[in-house]
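Lettered A, B, C and D in written order, each chain numbered from 1.
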Amino acid sequence: MSNSFGTLFRITTFGESHGPGIGVVIDGCPAGLAVEVADIQAALDRRRPGQSDLTTPRKEADQVEVLSGLFQGYTTGTPIGLFIRNQDQASHDYSHIEHAYRPSHADYTYDQKYGRRDYRGGGRSSARETAARVAAGAVAHKLLAHYGIRVSSYVAQVGAVQVPVGYQELDLSLIESNPVRCPHPETAERMAELIRQTRDRQDTVGGIVAGVVQGVPAGLGEPVFDRLHAELGRAMLSINAVKGFEYGSGFGGTLLFGSEHNDTFYTDEQGQVRTRTNHSGGIQGGISNGQDIYFRVAFKPVATILQPQATINDQGEEIMLAGRGRHDPCVLPRAVPIVDAMTTLVLADMLLRARANKVD
Amino acid sequence: MSNSFGTLFRITTFGESHGPGIGVVIDGCPAGLAVEVADIQAALDRRRPGQSDLTTPRKEADQVEVLSGLFQGYTTGTPIGLFIRNQDQASHDYSHIEHAYRPSHADYTYDQKYGRRDYRGGGRSSARETAARVAAGAVAHKLLAHYGIRVSSYVAQVGAVQVPVGYQELDLSLIESNPVRCPHPETAERMAELIRQTRDRQDTVGGIVAGVVQGVPAGLGEPVFDRLHAELGRAMLSINAVKGFEYGSGFGGTLLFGSEHNDTFYTDEQGQVRTRTNHSGGIQGGISNGQDIYFRVAFKPVATILQPQATINDQGEEIMLAGRGRHDPCVLPRAVPIVDAMTTLVLADMLLRARANKVD
Amino acid sequence: MSNSFGTLFRITTFGESHGPGIGVVIDGCPAGLAVEVADIQAALDRRRPGQSDLTTPRKEADQVEVLSGLFQGYTTGTPIGLFIRNQDQASHDYSHIEHAYRPSHADYTYDQKYGRRDYRGGGRSSARETAARVAAGAVAHKLLAHYGIRVSSYVAQVGAVQVPVGYQELDLSLIESNPVRCPHPETAERMAELIRQTRDRQDTVGGIVAGVVQGVPAGLGEPVFDRLHAELGRAMLSINAVKGFEYGSGFGGTLLFGSEHNDTFYTDEQGQVRTRTNHSGGIQGGISNGQDIYFRVAFKPVATILQPQATINDQGEEIMLAGRGRHDPCVLPRAVPIVDAMTTLVLADMLLRARANKVD
Amino acid sequence: MSNSFGTLFRITTFGESHGPGIGVVIDGCPAGLAVEVADIQAALDRRRPGQSDLTTPRKEADQVEVLSGLFQGYTTGTPIGLFIRNQDQASHDYSHIEHAYRPSHADYTYDQKYGRRDYRGGGRSSARETAARVAAGAVAHKLLAHYGIRVSSYVAQVGAVQVPVGYQELDLSLIESNPVRCPHPETAERMAELIRQTRDRQDTVGGIVAGVVQGVPAGLGEPVFDRLHAELGRAMLSINAVKGFEYGSGFGGTLLFGSEHNDTFYTDEQGQVRTRTNHSGGIQGGISNGQDIYFRVAFKPVATILQPQATINDQGEEIMLAGRGRHDPCVLPRAVPIVDAMTTLVLADMLLRARANKVD
């Protein structure tokens, strides 16, 4: 197990989906940031179930309690403990999966690794764990905002339905204007339709979240291993259901020649160094160059489907299994705040680490 | 700077492309592995320049010296120091790039971050640094081999030319049968042709390396953050010129429905748990499930091209700049041993970390 | 701030003395250990205030709540969250120290470092934080017990009153037989008398805790930096009020010649390798040698005294200040479970790390 | 094995006493420090054998080679590789210790831990490894000097001969005025005499090194675990032959009452906050308070003595063994630059870490 993320701005999450709750300790947040509980709650409200007919109808209030680290409305430099108590944790019957290995879930691998597991609702492997990340991201967001850095993510693709233009041509303020969290309204409507159809077929569908970071100063990222994009990629790949990460030109860039792909530098009217294209996605040699950072994250379709599937139990015997209860037909809309949070956490850490680059 | 990788099997690399040399310290390699210098040299020989007409004609012997950690042919548990001395380090003239910011290189970002840089041949940001990783990977390979784990990578795409079948239908023993390191001979020939054409046009081309790991026991990977695929992704994204990473179904998996994507379990004739498909790429919940691990890594076209390009100098003034010397028109063939090395390093680390999962 | 301790068996503590409570997350505890809440509570009961007339009469129940990581009475390999809610947190008036810098406390240094602090009862710098360590130590204790390792600490000195014999001549089962936690009953009585006299004079007194670890296998410790005694020393020095650490012959060993100090090896009747003396304190070259580990920890007198003292406020103005409320005249009796806990945590971590020493 | 030290200013050492050499990689040194090879060589010259008749007559030139990280006389922010090649590494016969376990050495524990060891001259457990630390310390010293921090260590005790006054009454510029490195000339002479007598008796003698750090700003140290004194203690305890560490009042402080021990604050004529006494040793709550830091380090007598001693071989059979060759009768004079180096490394790391305390 490794439940910590970050070097200087470091979080440690804990908790299972059906234990007492989900929590996080943030160690290394600088003193002097104004943080309200309401800021954290607002971030959690973006992630919680039951926001629209596109997500699971489960009702979870996800009320955060601050256990430590804030005093008189400010961070004090001490560790910030946050806890979100689970509700109705004991009310469900999970006996049908106690001995079953659900396809494309972590039941089998947890049993192999640890010899036992909390089988209720996925336990530690449940995406509910990401609530802790979102709560921590809300604190990290305060640090980024203090330095003028803005993080935005949006749904760029659901199944085969994709936003037809790049992020530069979108109005990112529209992300929250629809339940899909896609700032291209017509596409959002088609995505919503696909999600509803998929839900009605008792199936699930995947897609892509795009991330954009603006206002990043040049100089963030710690090569050769902790390159900014390597940390972003690792952060995204640590989110449940993520299967791929690309930044800048990404996989598509493999089809370009060097003469097409290179981002040529120029100096703009304000005397600011800029590049004419941004295939680099704002990162060169693993270090931010001051241009917008952008990347894309692939999410597989949710593994829990209500249709019966063939699988085995922990004795190796073949059984049939169907999901029960209320699940998301598409994780993308609720993935947006999680991508935001992880992006924010990476940048907060890199911002603090960059302070050690050179002597004053 | 962060030049260490791994938690228990941990490497620290150092060195610049035109300083005295490139080195690595491996800390945490278990005692008792038989390692010969020739093993390390053989790995370096796969990466070194000048192997064929598809790579840079630069001649570098890349002779490794063992500085510590081996005694009487075995690892002793102490740190293993390896050093590859640069040759002719002082013989070239780099004055044309001393003050220039090469497009899509790290010159500008290093200057912004550190206030100064070793401008000779890219200095620390040169891909020459990966020689150290390849040397370390050769040691990690001994650990994996001891436990029956086999790592293979190959060139799956160059520009738009791609291998038309999945890895299961390839004979991976053919990887070294051609200078492209593509185990599909006809495609390899077409790739070679594209690389030669590109070189003759003074341009460069990118592509995709596929990685396959066989013989992995179930149970490797440390969720929730150090998921096996997250560490693999981070490792790949730390390689120069990499723009994307996907595992299992990857970005393509976003087009499938859950009912198509889920890997159903069964028990084979030997009583072994297996899955009928492997969209999971051998990893579920961030932990290996015993099936083959596979992933794909996108490399952009090499940034150094011999054509003149517009850029700026460190005073912000626009200049024209053309690459000089001998460079790779396509990095893919030489990237294969680097992908192998990083994969090997991740698995060696995870193998050691998994020893702490449960009480005996 | 750095609130994590350990590499594989890793704890992160959080919480302030007068905030909502004190907590800890244990990350890396292996799966399969039987742990009851009562085990953790029993450890906390040894540390809590109000146990005898020798400690502070403050009443704190220190009830632990398990937030995660235990399922059906066993560890699951997931992070174990523990929380001890503070009582009456808002009931006291701390305005007299809001702007005062108490002598030999951390008020001034926290203000200098962070620019602000939670001034209520010391906030994060309060020894109340060690409750979290004791709770975590109770879990680590289960791991050590599984492997037959026994940790004991006792009060060896209070002021100038010291136990006249070495640990080998003591019956360590008597540690809990008196409120001082000194297994030499006559000395314990004299220590108790000194503590009562000191309390009545509104003063405080320091002393020494001795630690003994028995049943340790040879091979624990990770040189060259994480030597077993270096980690023990660091652990002890991280406890509030600790001013020194020595192991084996310690400072006294500087008075011996090499011919007197060396521990000669022999093989006992059971064929076990042993040493005739144990000036090494069970550790050679930073690695346990199978003999008993022993060490000593110096605690200064508690800084909070009820007598008025000269000091300054945060404007630099001289003021007079006297402690208020109920404080320990001597921290030693309550320090014993904290030394036990930190010893246990170090050994649990080293036990897991040693699994990576050599190939099977 | 754990051969790295430090979080942001991080060193990794490698090498055995009779392998090719001893080296270190410094990762995280900020760019922009002027460093000459001669600076590093001068530090090594203080540590090397053969400086006077008080130390081993072995001649080792200990010439350092810079492998990376310096360019045009400045640090570049990239890892600094340093290597000190061993001389005559193959010329000696170590067959007498190949199978013997020398008393109070690490032969037995290395064999137990790793199953094999480089037995030539102690291999990795040799104090020769500290040459790498001294080299790294010379670089860290540049960072400290840039910020006005001064580190001094001196021999305070040899056997029972001790400096009769505190560091405040000494002229620390006299440390290098005699081969003992004791700034109290009369005591130095008596120490030298004791060392010569001990050498002539084929015995060895231990002692105490005192460390002093001046010019430290308030605010260094990262509680609750990485307290400044805990990191100093860990650093000292990682040095070969160290048995104890105390800071400020140390073990002696256990004899004082709180009313005697507390350091009362006042504001001096310059408006600077100061304490009237410094029992805190410049550190309160684990954070520097701006007063002088001071501490003491206990070194045992060197384990290698030329007299025959009883011990066992690796078959458990009793044998007699006498040291051969040229060894130090007293390690204290040569320990001073090592204590300096480790102190310097701790402070450099803490200086960089403190940059993340608060928002600008």
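In the analysis below, contacts are C-beta pairs under 8 Å (C-beta built on N, C-alpha and C of every residue); 3 or more make two chains touch, one makes a residue touch a chain.
None of these values were measured; they are calculated from a predicted model.
With respect to chain C, maximal separation of chain centres occurs for B (centres as means of Cα atoms). Between chain B and chain C the CA-based rotation angle works out to 180°, given as a multiple of 5. Remark: chain B and chain C have CA centroids separated by 46 Å (rounded to whole angstrom).
Between the Cα centres of chain C and chain D there is a gap of 26 Å.
Centre-to-centre spacing of chain A and chain C amounts to 39 Å, using the average Cα coordinate of each chain.
Residues of chain D in contact with two or more other chains: 1-4, 13, 28, 31-32, 77, 110, 113-115, 124, 353, 357-358. Per the touch definition, chain A reaches chain B in the complex via residues 1-5, 7, 13, 101, 103-106, 108-110, 112-115, 124-125, 129, 157, 159-160, 198, 201, 203-208, 218-219, 221-227, 229-231, 233-234, 237-238, 243-251, 253-267, 271, 273, 275, 279-281, 283-290, 298-305, 307, 309-312, 316-318, 353-354, 357-358.
Contact residues of chain D toward chain B in the complex are 1-4, 10, 12-16, 19-23, 25, 27-28, 31-32, 65-69, 71, 74, 76-81, 83, 110, 113-118, 123-124. Interface of chain A with chain D (complex): residues 8-9, 28, 30-33, 77, 143, 146, 352-353, 355-359.
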